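First chain written, first letter: the chains are A, B, C and D, and each begins at residue 1.
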Amino acid sequence: MKKKKMIISQETMDVDFVRKVEALSGTSVRRCFQCGKCSAGCPMATFMEHPPNRVVRLLQLGQWQRILAGRSIWYCASCETCSTRCPNKVHLASIMDALRKLSWDAEGASKESYVQLANKLFLQNIRTYGRQYEMRLAAVFNVKSGQFLKDLMLGPKLLAKGKLKMFHSKNKNMSEIEKIFSRIEAMRKNGEAL
Amino acid sequence: MSRIGVFICHCGENISRTVDVERVAAEVGKMPGVSFSTDYKYMCSDPGQNLLKNAIQEQKLTHIVVAACSPRMHEKTFRKAVEAAGLNPYLCEMANIREHCSWVHENKEEATVKATEIVGMMVERVKKNRVLPTITVPVTKRSLVIGGGIAGIQAALDIADCGHEVVLVEREPSIGGHMAQLSETFPTLDCSQCIMTPKMVDVANHPKIKLYTYSEIELVEGYIGNFQVTIKKKARSVDEDRCTGCGVCMTKCPQKKIPNKFDQNIGMRTAIYVPFPQAVPNTPVIDRDNCTWYKTGKCGVCQKVCGPGAVDFEQQDQLVVEPVGAIVVATGFDLYTIDEKPKGSPIKGYGEFGHGKIPDVIDGMTFERLASASGPTGGKILRPSDGKEPKQIVFIQCIGSRAREKGISYCSKVCCMYTAKHTMLYHHKVHDGQAYVFFMDARTPGKSYDEFWRRSIEEEEAVYIRGMVSRLYQKGDKIVVMGSDIAVGVQVEIEADMVVLATAIQPQKGAELLAQKLGISYDKYNFYSEAHAKLRPVECATAGIYLAGACQGPKDIPETVSQASAAAAKVMTLFSKDQLEREPIVARVKESGCVGCFACKKVCAYGAVEEKEIRDRQGNLIKTVAFVNPGVCAGCGTCQATCPSKSVELDGYTDEQVIAMIEAL
Amino acid sequence: MQPTKQNTFEPKIIAFVCTWCTYAGADLAGTSRMQYPSNVRVLKFPCTGRIDPVFILKAFQQGADGVLVSGCHPGDCHYIAGNFHARRRFAVFRKLLEFVGVDLNRLQFSWVSAAEGGKWVEVVTDLTEKVRSMGPMTEFKELAMEEQWSGAINTPELQEAYNSI
Amino acid sequence: MEKPLNYSYYPGCSLHASAGEYDLSTRELFKALNIQLTEIPDWFCCGATPAHNVDELLSLSLCAKNLELADQIEGDVAVACAACFSRLKTAQHVLGESAVKRKQVEKALDAPLKLDGNVKHLLEILAKDFGLERLAAAVNKPLTGLKVACYYGCLLTRPTDVPNLDCVEAPTIMEKVIEAVGATTVPWTHRMECCGANFTLSRPGVVIQLTGAVLDSAKAAGADCIMVGCPLCHGNLDIRQKEIEGVYNVQYGLPVFYLTQLVGLSVGLGSDKLGMDAMIVNPTPLLREKNLL
């Protein structure tokens, strides 16, 4: 892929975006001094086009579009190795959470659709049933992602071992969960939360 | 009745451009107590000063106000002139009508009114000024140097060579400090011991240096020019006067497997030992924790074989008091401990590097001992685990340094250079080996330093990888290094035979306790604080105490030596006079009012407040009051503002003077 | 101080400063030829630690409309910790002053270092303008008046009246 | 007789589905040890990784809601799943630090927050509350000769200062528990490396690579089996083991036990009460070989 030249100016240094990330993650972006320890220990770095330290670097330069367009943030496993070992108290795992949230808000910014789809279905499940039902999650994921045959061989075995439940019931207090979801939506609409 | 003389300066046009000086002189002339007032073009010039001197004599003036520039500029000048005319210099005050008036206002009317008021204020103040005699304190021309590393040695030699006696106190059994442990030194690669040991011998042989090794500072009393220092001489169990240093005791001692701290615990020593062969003094010490005689009451071999009968199992710790006039603190540094979290310390270690668990993960100082010709391996680079020569060696920089998370934010300054040196030493000793360095930034400011670093890469073939290491783990007899190269943007994995961690420099353990004994301040890391970061870098805020070397902050050898010589020069400046003169702006206690609550003592940052007993003629105690030692008092006046009974006064800034000024407004 | 223009209130500001930081900072403002209102009168102390709260009361009593106390930044004290003691002392004193009825907006504490000529100008200008908008400080003057009626009689007016008899 | 221990129990979604044996063995083991577990009524999903990944506020709200539900029951909160444990602890930590976020969550729940409950992973209860000595005393069938690789995964100890379960880089709590019941532990290199976690659904290729490395390391260290405290790790190590063997053309044959299964075995519970038959990699040959069945 041809890499576009980075034009930097006061306008491109999107301070607002960085501030949003800092508010959501509760950690400083500027503090990172690019030692690369996060990338050294990241189990997922080999799957990312931008290693973790470069995600922060791009953010420092305000080049968030480059981050959101890529798959890197969606390949973070949230294992917190980076946050744990950062010599400089940069909570990178939280920055990743914040970036995914902002990418989610920007709808369709990223190429990585499978992980996003899985997340979306997971949250839908919570809203509908209160708990997670893996069978349903997997089945719907396969249908929606068009991978009808994915993990086909695992299914019968898991069923036989009682690991996939065909039927599930809703929580009795489902209305409470719905209220939480809708209150959060309302807060966002009113600008009371990011 | 005071006869005050007021002199208004034009400062060329600097003042007179915006202040109507003649009007000010006229207005002020009408003020009560003012018997002479005039204005002049340049008060600070010779004719100006003569005008002042003549007026004092002719007009029989008792107090002087010079309205001119800031007192920070010319107060000394005018006070000197006043003194020359026979008045006490502290009866002269300056009114600042330049920096605080003519230069900051444009409206001539406003500025003139303000100038008149400023002068009026000072007139009221000067009326209350008292004659203050200059304070003199005698100077004991002996110096204490704490710490026998290169900093302490250099300072001691410089002071002693100047003819003044020096008391040098070292905690360990031998002087030499960390520099004696090093193999070769950057950027010239000369052998550390070759340049160090002659200096150590000079110290031992110097007639003006009194050496206390295996000793610690117990108590410091007194003040600049007049300290009383109590030194604890720990029991050596060997009589220093009798011991000839033959070393037979050490060859016969049956306890031979005690890890030697000097060799970073990779070499072994006996229970009766000198830390290294070139030790000064060459008198052994018995390590009582590991000696069979002390543990079981049996053995005593060393005593039996000692010809001069120097071994003394009964020896006790001894306290010695030494009077000195100045103190040089040169306690140096300690290395950051990677794998432990000292109790109560905010500093954290690194679990991810397995230091202490993986035997071939070592720190930089251990590498120095391996590379040292007099070290436990005779200068061969061999792994501690199996004694094999490592063919792939990884160095990791910034361990502890620049790691806010671990509790240290600063750069340790020397690691970039010593790591570059390590790669060179390694390449010289293991020709078919390869050195890799993980680093963030290479910080190499210093004469021939950057060239040295570049040489390690370009000529000595070290591979530098910009990026840090996340984790080390043992895999077979290799150590897997999980790193990254941020320039390329990929993860890097190296299977190394040995890993060297460039650990941070920290102050000596217990540095804060010594500081409390000395009454000097220290920062949050326990490095000692200098009086001024730029202009007084070797002096403590506490008068008479000076700093040398890494106890003040991370430093390399050249810098340490420079600072040590600078501290010595400061000591010599102090010793150049028999009496110490100082400004008499000090606090005094009115004993009649003092109730002995000692609130003043609590707020005094200099420990200048002492307790004084007042007795009647029969010797019965009437009360205990505060006493401010004028030699120690720095004149901040915090005690005065704190005193609930208003019984302590700062000369030159008394309540009377201040209230007079406020009332003049 | 006399008002320079009729009917305009010119506040009287007294500044208590330490000699090492703020006094030097004010000197720097001078050498840099910065301009600020001429309402301030500076009293120099070795350290803010020397400044007794009584001086502040005294200043208000003597007709000051605003008081500024300024010293070295925390941690930069020339005398190691004098400004910390001052800070602690004034934290308590503010409460007392508030209790007595002084509007705390008239009393300003700040840190101005020897390098901050600009900050000195800013602090002085801000305080002057603030106090100007608040009008004269009358509380103590009124109290003083009451005191005079109860005994001490030496106002210029009375003096004049006395002289004319 | 010591006071019986009481806990409110948060099993988490997996334990009601794919990790049924973890739930079963936990209940049976705690019953055997006379530790009272009361399941939190109508608990919700904690949101797991997907929620905090894209919507921290939702994640915090769900956790706060669950803590509120747990508050009705006496005792600390016992959590089996490492991910749920991490989420609940993180929520407590974040809401304790940020007043802004606390306010937002209060608003989302429309109730004052009840965050004080002590959240504990089963390991903590066994090792600290119940105690290793009592645990050793409860053993009827010591796991002598069984070489166990303890797998911590990511979320039990990370990040520093949040779970506060054990040392963040060199934890020993799992080893201590399993050694107390007689097993031998092996030192190995990948006990804290990530297994790929929830990529099992969206990007199974990732899991195959990462879990493969973990299995490799355990095998190389000479372990007979792996012990875990997280249903997600279990899923990856156990369910995908066969697939990984196929991809890399290796044989691991490493049964993956939940900690409660192994401890349960040592106190004498039968394999039916431990859900051994639900494991994909059959543990029977190993347990027979070691005379544990």
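Please note the rule applied: contacts are C-beta pairs under 8 Å (C-beta built on N, C-alpha and C of every residue); 3 or more make two chains touch, one makes a residue touch a chain.
Quick caveat, the model's predicted, so the values are computed rather than measured.
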item: Chain of greatest Cα-centre distance to chain C; value: D
item: Most heavily contacting chain pair (counted by C-beta pairs in contact); value: A-D
item: Gap in Å, rounded to a whole number, between the CA centres of chain C and chain A; value: 57
item: Separation of mean Cα positions, chain D and chain A [Å, integer]; value: 23
item: Distance between the centres, which are taken as Cα means, of chain D and chain C, whole angstrom; value: 66
item: Chain centre separation (chain B, chain C; CA means) in Å; value: 38
item: Residue numbers of chain C (touch at least two other chains); value: none
item: Touching two or more other chains - residue numbers and ranges from chain A; value: 81
item: Two or more partner chains touched - positions in chain D; value: 160, 168-169
item: Which chain pairs touch, all of them; value: A-B, A-D, B-C, B-D
item: Contacting residues of chain D [partner chain A, same complex]; value: 13-14, 16-20, 42-45, 47-58, 61-62, 65, 94, 97-98, 100-101, 104, 107-110, 154-155, 158-160, 168-169, 193-194, 196-199, 201-204, 206, 210, 239, 243, 277-280
item: Contact footprint of chain B on chain C as seen in their complex; value: 1-2, 4, 12, 14, 19, 23-24, 26-27, 29-31, 33-36, 38, 41-47, 49-55, 58-59, 62-64, 78-82, 85-86, 89, 121
item: Complex contact set, residues of chain A against chain B; value: 31, 33-42, 45-46, 50-51, 53-54, 81, 85-89
item: List of chain A residues in touch with chain D within their complex; value: 23-24, 26, 43-44, 47, 75-81, 83-84, 91, 93-94, 96-98, 100-101, 104, 114-119, 122-123, 125-126, 130-135, 137-138, 141, 150-151, 153-154, 157-158, 161-165, 171-173, 176-177, 179-181, 183-184, 187, 192-194
item: Complex contact set, residues of chain B against chain C; value: 70-72, 96, 98-101, 103-107, 109-111, 113-114, 117-118, 121, 521, 541, 585, 603, 605-606, 634-638, 640-642, 650, 653, 655, 658-659, 661-663, 665
